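As written, the chain order gives the labels A, B and C, with residue 1 at the start of each chain.
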């Protein structure tokens, strides 16, 4: 047998794009040159045509390799029907919200004579010409209010999520980066917030404000998610503190501040984004619940689904259940869309699902 | 083990004290606070000053808090501004109603959720699994007060299967012992009262159970799927054990560990949901009390007491769950 | 009649939306009573799947198993699931690679040994536990009385594997399948476990299928060895024959890559280039061709047949390593 050290290709790192590269460079004849070969064949030597075929086969069966975690997650996301359904719902919702004034036939706060005329305590006009969903309790075009509702709902959801995310990430990052007593104090603070069940915390916060407004609702719903974001980020940062890539960066003399900013935070953010997607769904549901309890936005002109469902939908359920059905359906579908997307994203970035 | 319990208890006490202090201070400093609530906005400054002094609000906030805690620990939570009754009485009347509702909901959520989650995992990817997952997604996406109205509309108005609201039929002469009406009926042998209370309980309990049920199904399913892939399940199969033994002793016992934690956390969802459910079904519990004490002029003593009570219940349940964990999972004991 | 006669066993994994993957491809081999047979190959060569297929432990869905697994003349693949369940653990025992994850973390060791006795020998719990104590003692676990009530995380890795052996041998099966039983253990413990296995097999007359990637394990234990590559048997030979004169280039490569104390200083170890991922499908030719030093044109004309050799084994190769070439 030939000396293995003279054989090229051995021990060379394989590159992702040409797994067959080693065998292509190999003078395949070498090993067979020894005293082997008791058969009448072209010993240990491969014809050019055969070698090309071998390379082709090897390439066809080789694993793609070298795909980054992020690209891999995206690829799995695109193949997941759940993610697609979620993304389509979210996308449509955002589009409707952006173009609401163009889609809606009427001004959402304008009261129409033809609608108010038939309005009584126990009858609200249904669909008529020009008003496909009929009237709301104040003689306004219900369809236009539904369309504009997407805007306000998106506004409440996005703002509540962003506030919660920012505060939570700040708390969690500080706790995770500093550790020690800072960590202890901040985590006790999240304990206090978590000691109250979520809706009760929101109710408490609204109750503490002297007057409710759209902002008290947004703020209350946002605060509920702060401890969740904080713990998520802190947990992820603590886990990374001892991880190999952070230890390596530290060993290379990277400044602690840069380790946190460049190495730890970006890695934690994927989980935060997933949580934010899920939080959005919870935020609009909680906002609707506050409206239902009479703790919501008192502005009667505001067209927001939670408000429409929680106030008019509740009050006129017996008279015209559509006032509840439509906003409820809209909330369910949008909450479902964000949940589906969030769950699919979580599944996609979970290393357990990598193959 | 004992040290863990003591540490957790200390943490719990610190958390509750911090929470009470925060709420206390915040509530005292609000515009439109209790003084206005008692006197109305057009009271004369003299009367205000008098009341402020009478309530002790002129003293430093820490002193006020100290006195407040002193009273709390002796069971005196002050009087309700709205009714004038002692807060403890007001709460004692409402508390059993909420607990009865929450307990019934939890029984439904666990009793239905664990088997469903197990079956969904067992038949992963089949129709049953897909239906279950779709159901749980819907369950966590639907505003439960809307679901409540829907159920109420169909099952009490269109077809009269259940009573629309309340805890017991008017005219039903029931004796109250514990405040849990179903239990009271059994204790005093007024079986008709017990049955009537149960009949009233079912719809609200189903409504309230929606979210915990969905969450428990999902956690159970995920957990069972994890366990099914465990090597020790394969070992159990290699031993030729009966399916029954493998399911009970090897799969469920391990799969239920995360479910137990979830059950603790879901008490929070139950307390939150109770506020909504009670309003839908006019159920006279803490949820109704909290809504009333906010919307009908802020009744701060009651509000404060409910919030602290809810936190205490929630935190205690979770502590109990964590401790019970140590008895279910031998791996926790050594640490 | 052989104790176990595996004939043309194939396992095809078929996931939705993916190409079917043949993990085990017409594998045949026999195990005589009391014999120790090795299944050797790199990870991914199908050796573990073979053992799981014999035991009927593959997932119910997503795969297709064909061929015959005759155990004392009965085809295990044709048995009703409940009948197979009656045999598993009683007629055939199995031990696995990772002793920690293979034991249930929340059940005491004693119960995990006892339950197999309760199931197959109809013992009551108390009697089964007494027997379990004897079994733990027999596999060399110190202080067996205490271990009965301990949990897997409380005992050492070596003891865990001994406990698994006790479980597998509890009902005195006629066949024991050991799937990489020493891979997860420390080197010093590995030797102890192998010695124990050898001793138990000799004492009880149990036949053993030893699945391993480690030729050192084979050298000390097996009567015959099946070398698997890409899901097929590429070489089968008696142990001494295989070690003295490996014929298949793959076997040769495996043997050459084992470090030896008596090799000259400074000599590099021979590594088989590439990895198992470089397989080509057998229908196209020899799966080992991309990594083979002896590759010839015929290797790409379709799969070479498994043919008997002069020394009584079988070989699947167009251009085997010469019998005169010794392992370096």
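The rule we apply is simple: contacts are C-beta pairs under 8 Å (C-beta built on N, C-alpha and C of every residue); 3 or more make two chains touch, one makes a residue touch a chain.
As the structure is a computational prediction, the values presented were derived from the model and not from experiment.
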Between the pairs B-C and A-C, the one where more C-beta pairs touch: A-C
Chain whose average C-alpha position is farthest from chain A's own: C
Whole-Å gap separating chain A and chain B, where each centre is the average of the chain's CA atoms: 29
Chain centre separation (chain B, chain C; CA means) in Å: 54
Chain centre separation in whole Å, for chain C relative to chain A (CA means): 45
Contacts with two or more other chains, residues of chain C listed in rising order: none
Residue ranges of chain C touching chain A (in the complex, touch as defined): 256, 268-271, 273-275, 277-281, 284-285, 289-291, 293-298, 300, 318-322, 324-325, 328
Chain C contact footprint on chain B (complex, rising order): 230-232, 234-243, 245, 249-250, 253-254, 257, 328-331, 334
Contact set on chain A toward chain B in their complex: 188-189, 191-192, 195-200, 203-204, 206-208, 210, 281, 285, 288-289, 292-295, 306, 309-310, 313-314, 317, 321, 324, 328, 331-332, 335-336, 339-340
Footprint of chain C on chain A - complex, ascending: 1, 4-5, 7, 9-11, 14, 19-20, 22-23, 28, 30-32, 34-39, 41-47, 50, 53-54, 57-58, 61-63
Sites on chain C touched by chain B in the complex: 55, 57, 84-90, 93-94, 96, 98, 101-107, 115-116, 119-120, 151, 153-154, 164, 167-168
